[in-house]
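Next come two complexes, and both contain chain A; in the first it sits with chain B, in the second with chain C.
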Partner chain A sequence: MTVTAEDRMTTMIDARKGGRLTPGRKSGSARTKARAAGILLAPALIVLFAVTVVPIFYGFYLSLTDYNPVERAAPTFHGLDGYIRVLGMPAFWSSIGITLTYALGTLAIAVPGSLALAMLVNGTFRGVKLFRTLLYLPRVVSLVAVSTIWLWIYSRDGLLNYVLDVIGLAPISFLTDENTALVSLIVMRAWKALGGSMIIFLAGLQAMPRDLYEAASIDGCGRWASFRHITLPLLVPITTYVVTVDLIYLAQSFSEIYVLTSGGPLGSTTVVNMLIYKEAFEYFRLGEASSMAFILFALIFALSLFSTRVLSRRGVHA
Partner chain B sequence: MTKRLAAAGLAVATALTLSACSTPAATSTDQESTHLTVWFPGNLASEIEWVNTTVVPEFEEANEGVTVDVEFVDWGDLSTRLSTAFAGGTAPDVFGHGNAAAAGFADAGRVLNLDDYVATLDPADVDDMVLLDHGKVDGSQYIVPLRGFGQLLAYRTDLLEEAGIDEAPTDWADLQAAADKLTVREGDQITRSGVIITADNPTSMSQAFGSALFQNDGDFLSEDGTEVTWDSPEAIEALDFLVGLYNGDDAVATGLNEPIAGSGAQHPLATGRAAMAFVDDATLKTIYEQAPEIAEKIAVAPPLEEEKQASFGGAGNGLFISADSKAPDAAWEFIEFLTSAEKAKEYVQVVGGIPARASLADDADLAAVPYIKPFADALPYFQGNPNVPAWTQLRDLLSVELEKALHGAVSPEEALTGSAKAGQELLSE
Partner chain C sequence: MTASLSPLAPSTERSTPPQPTDQQPGARRRAPSHSGFSAGWSRTVIVGLVTALLMIPFMWMISIAFKGPTETYSYPPKLIPESPTWENFVQVWTVSNLSVGMVNSLIVAVLAVAGNCIGAVAAGYAFAKIDFRGSKLLFLLVLATAMVPAVVQLIPLFLLVQDVPLVGGNDVIGQGGTGLLNTHLGLALPLLIQPLNIYLARQYFLDMPDEIADAGRIDGASEFRIFWNLYLPLAKPIVATIAILSFTGAWEDFLWPLVSTSSSSMQTLPLVLSSFTSSGAVQYGPMMASAIVASLPVVVLFLLTQRHFVNGLSAGGVKG
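What follows is the complex of A and B.
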């Protein structure tokens, strides 16, 4: 029996309509392929389910309990009590404010800074590749290692205070004064983020259609006007990506703050993740720590959605 | 056939996934051999080398059929690792931790009561293990301290001599007077502190406060551990004294929150940014190791005496046996081996600190070590944290307010009465 193209098409249409496949070699073959695909995908799906989906749901369940990993007693379900307690903690709201300041402050420096650097290294001057590599270098160094280096840079006998001393200025307690600690962290984190975002912006700049600039130039557009009316609008999708991804990452910051200030002085750098760590692993209140984690998740989700919407809209109207 | 194939594939995948998720039991014993898992806290290179190349081989040789797997866990990760190990049923047979953790672990039933094992020791040995009582919770032994620690006043002999000060301070008035003379200012900036406390973070501030509190005959909690007493008049006076060192026109200290514990050559005593400093034995050791030429000019004073002679200190880290250990006898053998007189001496030679045995106080080798001897001599005057399960949370409540007071953000009285009220509520829960 010969299978024609028409037969195959009929079978596909039947299948898409939800109709039963006609028995025979064609339908059996399709079923076998689907099963084979299922079998091949199963290990990956099981792993994904076991290490991602289950922990998320289990974490949510824990947030509704009083789970303490050190206690032998099974966790007691207490509904939303943990959330209510967390939302009533002044320290939690303070940490939310600090987290937002830290994330948005870092973005405010890192996004325009990395765009400026990308434009700088978008040219074809001598040594540009080396320059790009050097600028990208902080991105590939571990955050903990970078933090340790900055701990020395900011310390009382460190590089910055040495420079201040050389030029005759009084030393600054960068990390030990509540007025300067968070700003110092933001500067360090923005420096670390510059290289990665720069590369993404650079890719965007290099994909820009040249003819648009040529047309604008013929129409008498200056460099600033070209940047404002061509470059920026065309970079909106990339900017949206950079802002959203960095925001998600920065709102979960922990290690650099743990190394540099441990949340101090006077709690001025205590971000939400520092509180979560304390609740979970110093007080062993994993239930409440999970509640905090899910509130943080909701906050990050809302912020990401907001940034995506706002930036996309600006792109359309630019 | 296809269904069977699919089912078999799923079964294999599930089995592989689950087997990847599971971990072997921490301990395994059979008729021929016993395997012990031991977690030591910290990442001190010399300690790691000594444990791996001396302690473990010697112990395994002396205990045929017992093998030991040692892992060093950074202090910062210890609570995280332990809590997940407890929850997952993979806790090590023996683990090290700070003495302050004893009450919490005992209360949760995670560590063995060691009374029966201690009873098997020679009574002379028990008497010699001078820190053993510090490891008791409600009269029962839960942790065997490996060494002691303490905070004492260290000072630069050259700077005191330069300022015409002949003797080390013995009380608060002496300390204040000496600090006034030793403080150097440029305009309104202090360029050399007369004296500093260890105030890296709120926790170390609570320890510095503990020293002053004990010297003024106060305490954190009542003797039975049911009432917060860190807001007593003695406590307020003690904090007022510390706050005065850092605040006001007559301040003699600067550098709150600077990380100075264990900072060796970067410690203000070594760099000359402080003439006197309250230091712990481990920090002094790092100064001797990293700035030996300056360390020669550093001397250590006995604990100050205000209402009584005292300072913050006592048992440092020690060893627990997990309540889930399948080889508790072998675990105890390991602890007994490590706390023998010979190993106790080697331990402080490698790690520093106060020897856990009284008989070592006059040991010629240890007496020659300048960062051990003064602390060993001061052992009877050291007082530590209360052994109550909620201490970590209570200490944090107090520490946050101590930090505010030291920065001059609230008065000592406000700091102590406010935190005491919250602490009492927590303690009563």
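What follows is the complex of A and C.
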């Protein structure tokens, strides 16, 4: 998925520089070069191997066992049993649904919202740099720190219930009512995501070719028409990027949910990562938790394939 | 169009390479404004209002942090504290675990910055500027590891870190103790090398001319000297970017510290913050003061380097 896209981009960059694909590196023997490359690569590759590659394979092995460190000393191999059991668990499917709702709900607010913000701060006017900096701040502050303030905003005597009180509505238990908890999390997460995506959209807007707009206005295109027929199609690659990266990231959400609801009430905010965490570190069912992790991996892989394919198919001919 | 979008190559977590875009300096200034407002106060007012609306959570965060215990729970809530006090800050810094968390977070962040600035930069250079067999394939494998969600590594890494031999009370085959759990190195381990940073460094070095290396080789410099004395000094911007990304990434890491530490003396800041919510009645005043103190280092870092990120020239963003 993304590997190929990335590779394609690298190739494009190479091609852009006048086919410098085989650069002039004639002097220096191949052996000394290989040795130098080995020395420079060794620290990174050794760490990646130990911390990422080995755990991935070990994790896959665990997912084929029923390892529970409390009940038995060593993992017993039982093939795909763990996967079958996980796929038969209603709690697992509900966590998949919650994860998708959470990720897509957040994107549904954050993507149009951040594009609107980017258009607002695209231009030169007094204070624009200050506004960009301020709007970007939620991205900088950690999710846990951000969650603590929203915990108050959503609380019984917090800001939102005060506003409801002022306009004469009954208070809502935002985070402790199973009907509102997930939506409350989504609103918080979208707020947090606005600034970062705004900057990416802003970069895209600033790279727009000016002459297209001039040509359009000479042809009598209105502002809406040029937004609809020039800006939006040209933003498709950037939107694809934002949606794909955010989907991958949001599908792995954990910390804000841990802080705000711990997956409750009644499991209504238990995303897959929360379920895996509880299975592994509260019930010590490491085998099943590993199976879940690999199913999540497959889901994320499929999601990113889907978003890159579907989005890039639309409006390519900008 | 595509060329200037190339910095937006996919990545799983955070940013885009701050590659030089094809934009001419000053092109941004001449870019047309597609909105309906004339450049002037009217637009400032409107954007200012939107910004203020979105800043409401931060305003209350600061407000509550400076309120005394009785005022925190008084209803209706008031944005401007009647008698602002540093009480909460003093309390959290001296009584709660915040100062411990700050030290731990700094140590872990420094380890992550060092690991990435040394290891990932060197690897990125080797992939970009040294020809060797299998370079492309190896690089693809490195990128592939970036695609695996962190939770896949979580459980096996926990077991492996627990079983590192001869540390944390473990014997030669790694049994009997806790290994590298509850240590700074254990906390930093998954952060030491981020594949994305290797990618960023590689892209940056690819854009630098090969003639530098050729000249160095003609002068008889070793491959290592060519990297260290010729290319690295020119690559300061990407090293700085990688340092910032590694620092902020380490600063907000949550799941791994949650799993890999059990003693409160090893808690990092996010864990200290989250522990405020697990006690029955949440103490909003101290919690907000802690959140502010915990955020200060990254916010200051961001304000010092924000030109880099916010002005659109780098086409990048740090994800949080």
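Here is the rule we use: the second predicted complex is superposed on the first by the 284 of 318 C-alpha atoms of A that agree within 3 Å, B and C clash if a C-alpha of one lies under 4 Å from a C-alpha of the other, contacts with A are read in each partner's own complex, and residues count from 1 in each chain.
The definition used in the following text is that a residue touches a chain if its C-beta (ideal position, glycine included) is under 8 Å from a C-beta of that chain, and two chains touch if they have at least 3 such contacts.
Quantities reported herein were computed from a predicted structural model and do not represent experimental measurements.
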Return fit or clash for chain B versus chain C, each positioned on chain A through the superposition. clash
Determine, under the contact definition given at the top, whether A:Leu275 touches first (chain B), second (chain C), both, or neither. neither
Residues of chain A touched by chain B versus by chain C: which partner has the larger set? C
Classify the contacts of A:Glu71 with the two partner chains as first (chain B alone), second (chain C alone), both, or neither. first
Kindly classify A:Leu143 by the partners it touches after superposition: chain B alone (first), chain C alone (second), both, or neither? second
Does the superposition put A:Leu303 against chain B (first), chain C (second), both, or neither? neither
I'd like to know which partner A:Phe284 touches here: chain B for first, chain C for second, both or neither. first
Examine A:Gly267 and indicate which partner it touches, taking first as chain B and second as chain C; both and neither are also allowed. first
Taking the superposition on A as described, I'd like to know which of chain B and chain C A:Tyr58 touches: first, second, both or neither. second
Looking at the overlay, what does A:Leu185 touch: chain B (first), chain C (second), both, or neither? neither
Going by the contact rule set out at the top, does A:Pro43 touch chain B (first), chain C (second), both, or neither? both
Which one hits chain C, of these parts of chain B: 113-121, 167-175 or 257-265? 257-265
Overlap of the chain B and chain C interfaces on chain A comprises residues 32, 35, 38-39, 43, 47, 151, 155, 157, 258, 280-281, 286
Residue set of chain A touching chain B in the complex reads 31-32, 35, 38-39, 42-43, 46-47, 50, 68-72, 151, 155-157, 170, 173, 175-176, 178, 258, 262, 264-267, 278, 280-284, 286
Please name which positions on chain B make contact with chain A in the complex. 2, 5-6, 9-10, 13-14, 16-18, 21, 76, 79-80, 82-84, 86-87, 104-105, 108-110, 189, 201-202, 255-259, 266, 271, 273, 392-393, 396, 400, 403-404, 407, 409
